[in-house]
Amino acid sequence: MSDVAARPAPNLLANPWIKAGLIVAGLIAAAMLGARLDGSGTLYKIFIDPFDQMAAAPDLLAQTIWEGLVSGVLYALIALGFVLIFKASGVFNFAQGIMVVFAALTLVGLHEKGVPAWLAVILTLGVMFLLAVAIERVVLRPLVNQPDIILFMATFGITYFLIGFGESVFGGSPKQMIADQLYLPKGAIDLKILGGLVSLQKIDIAAAIIASVMIAVLALFFQYTRIGRALRAVADSHKAALSVGISLNQIWVIVWFTAGIVALITGIMWGARSDVSFALEIVALKALPVLILGGFTSIPGAIIGGLIIGIGEKIGEFYWGPLIGGGIESWLAYFIALGFLLFRPQGLFGDKIIERI
Amino acid sequence: MFYREAGQFKSTYAADMAVFPIRQDRIGLAIILLIAFIGIPLIGNDFFITSVMIPFLVFSLAAIGLNILTGYTGLISLGTAAFMGVGAYACYKLTTAFPGVNIIVLILVSGLFSAAIGVLFGLPSLRIKGFYLAVATLAAQFFLQWAFVRVPWLFNYNASGAIEVPQRLLFGIPVTGASASPETRYFVCLCLVIVMTWFASNLVHGKIGRSWMAVRDMDIAAELMGIKLLNAKLLAFAVSSFYAGVAGAMMIFLWYGGGEAADVFNIRLSFNILFMVIIGGLGSLIGSFFGAAFIASLPTIMKFGLPALGVPMSGATAEHVTFMLVGALIIIFLIVEPHGLARLWQIGKQKLRTWPFPY
Amino acid sequence: MNAEPMNVSGSPLRDEGEVLLAVQNVSLRFGGVKAITDVSFDIRKGEVRAIIGPNGAGKTSMLNCINGFYQPQEGQISFKGQRRDRMKPHRAAAAGIARTFQNVALFKGMSTLDNIMTGRTLKMKRGFFWQALRHGPAMTEEIEHRRVVEDIIDFLQIEHIRKLPVGKLPYGLQKRVELGRALAMEPELLLLDEPMAGMNLEEKEDMCRFILDVNQQFGTTIALIEHDMGVVMDLSDRVVVLEYGRKIADGTPSEVKADQKVIDAYLGVAH
């Protein structure tokens, strides 16, 4: 234990012996599971073979890391929208993933109805603004001062409503993102490095650049504008913010609208890589382990958490997945986050929690 | 006028501690049980029993399970469906391994497997609180769902990956499998749900229930009362998962009668059960029944009710509208009564008690 | 055994009392912030011991150390002559230490009765099986403890709020329920953290009477933190004074009142 006088009871796992014991138990369990599946050389396959493969084909490793980086950026973007809302209104916004899909669907749907691409983008922004106003009026305002779980459930309601609404208006079938019309680059750059070929999709590079620009803009916005200061004040304490004359309702609309813009950009990037459909909903849930890792209120946490989860699950799937039948991408992210929590319950960038009474 | 407790004095603590201390409530309960046991099998057709009553019972049990965890102990779980799945697969493995053992016993035993898995995934609750824990339970959801597909041992290496529910007899009458009549399956469900509700009610009204609620309301003070947080939380996980597991086994064996179980126990189901608990009322057993009735019947009403009223609607549209409606209703409910249907029920009873002279 | 009292400046009344709890050279830090520095004092069986000091003096932290909620980095605390290292709160409760909180820490969703009944948790022995049946031994046990709880409810005169959820009660009553919950544990040592904060005069007088009654009727040893000097002087047998986490005085109320350091701490002093 550190010299910080933390509470003793929940710190069972802070004990290095117990931690070590758990890790060993986990490894043994994994080894036994492996033994069930193939019967020989299991430990070799878990601990040595994957690293052999990495060393033997560094280009493949680089490619895997790149893939992970890209999906990590997308997770981070969803988590970012989430963090914005959590900071300013304390709402665990389950609907952020759906907002991404909804924004993308609105954009594509409008274009299908004959609206020029850039006008469609502007109209979609308008829709996201209306959504923010509607959510503030219909959901947040009547529920102010309710317990967190009630607000959390209300965002479930928003999720279901948006799914039903989006499908009713635009139909349930998957759609193509209008990447060309928005001048997003296509094709790939093939790099001949590490004794092989690493292929980078241009759209992925664009996504990474756009994400970085957006995060920088948001950071500046938070740091240097009047609204940004008000947002930070609200994040610290609703009551104190109210007492110095900040309008909570206005702030909430702004925050949800900002989250809506982030959602639209995420939706465009994501849609350009696959198609636009509500199947994204499940993938969007991956933003949650990212949040665990990064902390609910930290923007850098969301980004770094996203990258860790993205890279971790791609590498895990590629090198260890085949050992237990593959498809482990569906849950690996959660386990990475869980394992991490055992060591740092406050997240990557959270402060050590001192409980007071 | 008719719902009064005036004149009903309690002379013992036991009478005062009864779950239904008011005579009229006891009469009401008796009437409900009579309807459930005699009325519904007599007047309900097969369709009503299989697609309304049995789902209602199964969901009620699952909702009670989640309510113990979320409503009473304050731990949010998004993995209920996965624990239900554990119950279903355990029951399948058990009944194929021990075909001679009574299926009711096996359904209950499979709940124990679910409880064990629940405790395992409940361990992080020692360190993690609130929404962080909710996300952690997603690990259970996705991992177990993955296991249901990828571990062929669980479905006895069937090529289709589906569970085939074999025929099992109880007192010579088939209760599971294709030849079991809806009424029989309904009776089995009903008895299981009643008995387990009774146990749940006993638990939450006694020492254990008080410990759970203490942990929920103020965990630090609970610890200083001598309640061991880890034990209380893990017990809640165990009991909750037990209920979910039994509900899951009932779902596959008595309702679906087999099929692609891995698809059934998806995250949507977890969410739906959470809705039932929230809309019904956190920390209320009767609320679990209300919530289950509400959420389980909504799609059926949308699908069959609206066309009957002359509102034309295709299947796909109906589904979309159902989604919107469920979403809107959740929000409306939370705004009107964040404490759920159970609270509305209480308010209604209070009004009735003072009616017709409310002052 | 280290029951030797460190400061023998005790009151004439309870001078020979046996030491129930001894705090020796305790220091507590939060990161770099020192909450308590090298504090020693003792609490004798049957006395009312007051801990006073300006805001931020470390009084609540001291109580938190005593019932195991915080772990001091240095020093030791022994209770009933037994030294405890790495005490856990539920173990402190089992050993016979109960407490109330500065900001009421009741179980808000539960009724008054259920709140006080939680205080009996440790004394109820029937396990899961009987609890699930809620008949036979479990019910007998429940009734037995209900009787004890009803006595406490009578004692504190809160019969009328027995079945109301405590979240909706006025503050003064909540404080009283909290005292009831602590009493239900039948503690040997009762820690009261500002039991009279935010009360009006009448409520304060009621609470004083309850505290004295508890001390005299049940013989419970009491340690209390209080800001109202009148109350402290009337109630307590001995007073320990903390300032900036250090002990600056220890003795009978009259001794402490005359102590120059204490006067400086409370009134401020020109350095």
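We call the chains A, B and C, going by the order they appear; numbering starts again at 1 in every chain.
By definition in this document, a contact is a pair of C-beta atoms (placed from the backbone, for glycine too) under 8 Å apart; a residue touches a chain by one contact, two chains touch by 3 or more.
Owing to the predicted nature of the structure, the values given are computational and were not obtained by experimental measurement.
Of all chains, the one whose CA centroid is most distant from that of subunit A is C. No other two chains have as many C-beta pairs in contact as A-B.
Averaging C-alpha coordinates per chain places the centre of subunit B 42 Å away from that of subunit C.
Subunit A and subunit B have Cα centroids separated by 31 Å. The geometric centre of subunit A is 47 Å away from that of subunit C, both derived from CA atoms. Among all residues of subunit B, those that touch two or more other chains are 220-221, 223, 229. Those residues of subunit A in touch with two or more other chains are numbered 9, 357. Those residues of subunit C in touch with two or more other chains are numbered 69, 88-90, 101, 105.
Touching subunit B in their complex are the following residues of subunit A: 9-10, 12-13, 92, 138-139, 142-143, 146-150, 152-154, 156-165, 167-168, 172, 282, 285, 288-289, 291-292, 296, 324-328, 330-331, 334-335, 337-338, 341-342, 345, 355, 357.
Taken in their complex, subunit B has these residues touching subunit A: 76, 124, 126-128, 130-132, 135-136, 138-139, 142-143, 145-146, 149-151, 220-221, 223, 229-230, 267, 271, 274-275, 278, 282, 316-317, 319-331, 334-335, 338.
By the touch rule above, subunit C contacts subunit B in their complex via residues 67, 69, 88-90, 92-94, 98-99, 101, 105-110, 114, 117-122, 124, 126, 128, 131-134, 138-139, 142-143, 146-147, 150, 181, 185.
Residues 12-14, 17, 199, 201-203, 205-208, 210-211, 213-214, 216-218, 220-229, 235, 283 of subunit B are the ones that touch subunit C when the two sit in their complex.
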